[in-house]
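After this come two complexes, each holding subunit A, first together with subunit B and then together with subunit C.
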Partner chain A sequence: MSGLRDSFRFGIRNIRKRPYRSFCLMLAAVIGSYALFVGMSLKASLNNGINRMQERMGADLMIVPETSEIEARNILLTGEPEFFYMDASVASMAADVEGVECSTSQFYFTSLSSDCCSTRVQLIAFDPDTDFVIGPWISEKATSGVSDGSVIIGSEVTPLSNGKVKFYDNEYSVAGKLGETASGLDHSVFMSRATMHEILNDAKDKGYQFLNPEDDGSFVSTVLIRVNKGADITAVEKEIFKKASGIKFIETDKLINDVSLKLGSVEKIINITLTVLLVFSFLTMILFFSVIFHERKKEFAVLRILGTSSDRICLFSLTEGITVGAAGGIAGLILGILTVFPFNHYIENSLDVPYLMPAAITVIFYGILGVLVTTLFGSLSSFLSTLSLAHAETYYTMRAGE
Partner chain B sequence: MSKNKITGIVIALLGLLTALIPTVIFKVCAAMDGKFMKCHWTSQVEVALGIAVLVLGLLIVLSKENAAASAYAVASAVNGVLVILIPTVVIGVCGSADMPCHSGTKPALIIAGALIAAAGLLNAVSYLVSKKN
Partner chain C sequence: MAFLEAQKLVKEYKRRGKSFRAVDNIDFSINPGEFVMIEGESGSGKTTFLNLITGLTDPTSGVVLIDGRSLKDTGDKEISKIRNEKIKYIPQGESLLSALTVRENILFPFTIGGTKRPSDERLLEVAGKLGIAELLDEYPSELSGGEMRRATIARAVINKPSLIIADEPTGSLDSANTSKVMDIFREIAAEGTAVIVVTHQKETLGYASRVLGMSKGRFASAI
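So, the complex of A and B:
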């Protein structure tokens, strides 16, 4: 036990005596641990995001105006505020088509950039009687139901300091906040048709007209459909298309697949970067330890002459390797934490794909894994570098260069 | 290299970083309809604070007296705290978490400010400890 303690002391003394050399070694461990923690956390957040988005979609099919497919995708994926309208008769007609289990309509419009939260947000009016998309997750988080004059906000919408949200100079109380969906709906505000009518009137008074408020009941932005189990979606689409013109279908499965493809390429880039950085970290540590121990050949020879066994010398260098690897790993983990948590929203906005941080336990696991891997790198590289020196003849080592 | 020189260089670099964060690295929001938002004024103050910290860092490097170096370090620490307070309490940034000033500039300035304050305080504490011994 005291032997181990002595080895540890000897290793620490060596590290402190040569701070620049130790700093360079530690830097390699910092890079390895940082790459592992950040890379794994990003990958887990992307997978978590797409899974949550899939869970929350609810509908199998979306009907939107023919010319507004891109805008509708933007609302769902990025929360980019848009508005488009089609005749409300599409909603009632779609409900009667064979194979449709349930359908509901929504009405999209937007706030002003100077209103709530500094940016424009997507405003969505829905029908609580037929809704099956928003309802299930409003009840999870709402403090009360969405009554007229109050709204439900998405998880990324920040209310004013008085807890209300302001649209077109009028304030509305917040009835609840939704859970995170990792989709554009996190940036949206939901309300009843009556509240929508009120806001549209305010908008008209301010000179912003989406539709004449008198006509708002005759228009919808989208019709969301859930088909019966086992029903053929294409057949349902064909049937609806026969009865309505100027419409376009967005299948949510295809939408998720498109996002998954985009996600796949982001994940590939993360995997390649992570592998390159880990290999770089390990090779740099091996190289550094080999050069350092080669320079210290005579120091080891003196230790051998003084009676230190070669196993003990291996233990000394192993302690150095473990200490450098662990310290660098912890420093890398701290840097990683300072990147992943404070810049969570920035990363999400930059990647432009569903992004949701995984559970705390998963993140802690990645942190521990990063430190363990760099500690292993440090111990392996120091051990391998000493192994060759430990078997060298002490006499020849001391006389080398004479 | 002495401890003072290392601390001075670190503080000077962090000062430079503070000035670059809102202007180059995590640029604050552009003017909307000709109106500047809160983050613009935060950026202006942070650039000034960053330059002040940069000069203090250089003064620490050039100081021959340990007492003078630690006095500059304390001044840097105070500026570091101000770097944190400007985007969080004194002026602030845009309200929405999606705005670049909220999601990028603010956390970066908080981290830079915390590091400046920590480096300055560590230098001052180490001077006091060495004086006591």
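So, the complex of A and C:
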């Protein structure tokens, strides 16, 4: 006869016979496992997001209109569709500045919420000939580059059922989809200047005028610059500033740093909350087990009278602890999965920082870790709560339990 | 040879800083098949004595020998095994495990000891004699005090152990059930089991082969 099997069965019977107490104990384990899974997944998603964003930021410097710095940051960080522009001459001036390795320009405008997709998306026209930013993101699945009349969609943009996207009542074929960037650009649609021209015309027909379509070549929203290796970015900025007015620079390193700082505070909050909840979970389990076992003193004494060794009594309670910890841990994990995955976008929008779920294996690891930790909490708290009872003289335990 | 022997057994407690002897220098032995009843006032040390001879509490001095071996020199696992297989102790009050049915309670010592379970016939025979055959699948919370007591007794007698020690086993029973229980003890003693019963009920003393009176921690007299 297996002692472990019998201990497990006896433990389960005790748990089932005291459903309210078992539920309270499990709740403590649920909180621990849930906090661990959600907290670790959030942290990993944030770190993953900022790393991916850093990877994907091909430019060192962005030039934007003086009054549109916030809007440009919004596009990059939150995907909030914006429309702004400046004179296109800035692009050619910047390209000639010493220290600039390459530059390209983009034009930003927006779709309607009734077009493709459930919300407005950012439309970005770029120049495929000079582009060094978007090309590297195009996922392996994209077989062709962007041609006139077709678009490339960000990773979060879902096309219509026919595989096309629709803007201002006209459909455009999708030439490719970008890999995830964890930035607002995941919600954007990219196209050539010629396609932009078509869309601007359609928009004008519908009564939405961003620019006079004839002027679309005279304006850009941003100029993206990559500087030579070792070049002083501030010196490059000064040089450009001498030639152009009404502009503002966004250094991508600084942008990443700003985001990292924000991320640091979010991470701090997560760490504190996680620690508090884990400590709470463990202490609650110890408290509950101590109270429950204290009330069950007579039962422990009876077990001793019937010939159960101290070690075996510890095993009985350990079984209860492991079962409650593991069951609560699994329940917490399920709850965590139901929070993290369906509310992924909500969390992303609420935190307002780059957010990208880690690989499945990492998520699975956090899930297993959560269940293991609460199982450990359960076993430790039940074991510690029993230790003194199991080794006390049975006569006293019996009298104390009466 | 005596199955159980106690030599100069002393148990001291402290009450308000003063020590007193609950069991005071007792010598005792019981042979297989003997039915000993111990009678005495509350607080005379009967229960402490029973706990000492079952190894549930340690003596201040003196020795308890089981089958010639001192309990002092026996480890926890071995004492547990002895209690599981050879000595069945029926403590005062209720001692059924609430998470288990009556049947599971009666068979529980075999579960934890890993020993062969008695047959269903034996289980029904004992349960029948004690009038609890209909209650085998009930939980303790569904039983009356007397029914619980009889289930506890069934758990002790079912495997015909070497020694049964019962602390007021018939305290909550009516006279008919008291007779049933005493008959079973006498029957099992006749089959070779040593039985020690502590009681307040003088009318049951006639069942014993030896009766001891206890007072102030000593066996005052053989009644």
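Here is the rule we use: the second predicted complex is superposed on the first by the 394 of 402 C-alpha atoms of A that agree within 3 Å, B and C clash if a C-alpha of one lies under 4 Å from a C-alpha of the other, contacts with A are read in each partner's own complex, and residues count from 1 in each chain.
The rule is short, and it goes like this: a contact is a pair of C-beta atoms (placed from the backbone, for glycine too) under 8 Å apart; a residue touches a chain by one contact, two chains touch by 3 or more.
Values in this document were obtained by computation on a predicted structure and should not be read as measured data.
After superposition on the shared chain, subunit A has more residues touched by C, the comparison being subunit B against subunit C. Applying the stated contact rule after C-alpha superposition, one finds that A:E171 touches neither subunit B nor subunit C.
In the superposed model, A:E267 lies in contact with neither subunit B nor subunit C. Of the two partner chains placed by the overlay, only subunit B lies in contact with A:Y346; subunit C stays clear of it. Within the superposed three-chain model, A:D311 lies in touch with subunit C and out of touch with subunit B [touch as defined at top].
Of the two partner chains, subunit C is the only one touched by A:E299; subunit B is not. In the superposed pair of complexes, A:D87 makes contact with neither subunit B nor subunit C. By the touch criterion defined above, A:E69 lies against neither subunit B nor subunit C after alignment on the C-alpha atoms of chain A. Note: no residue of subunit A belongs to the subunit B contact set and to the subunit C contact set alike, using the contact criterion stated above. Across the complex, subunit A meets subunit B through its residues 79, 113-114, 117-119, 156-158, 160, 187, 338, 342-346, 348-349.
Interface residues of subunit A facing subunit C in the complex, by the touch rule stated above, are 1, 3, 6, 10, 13-14, 16-18, 298-299, 301-312, 393-396, 398, 402.
Contacts from subunit C toward subunit A in the complex involve residues 48, 51, 54, 56-58, 76-77, 80-85, 89, 91, 93, 95-100, 108-109, 111-114, 139, 155.
Residue ranges of subunit B in contact with subunit A, taken from their complex: 26, 32, 37, 94-100, 102-104, 107-108, 110-111.
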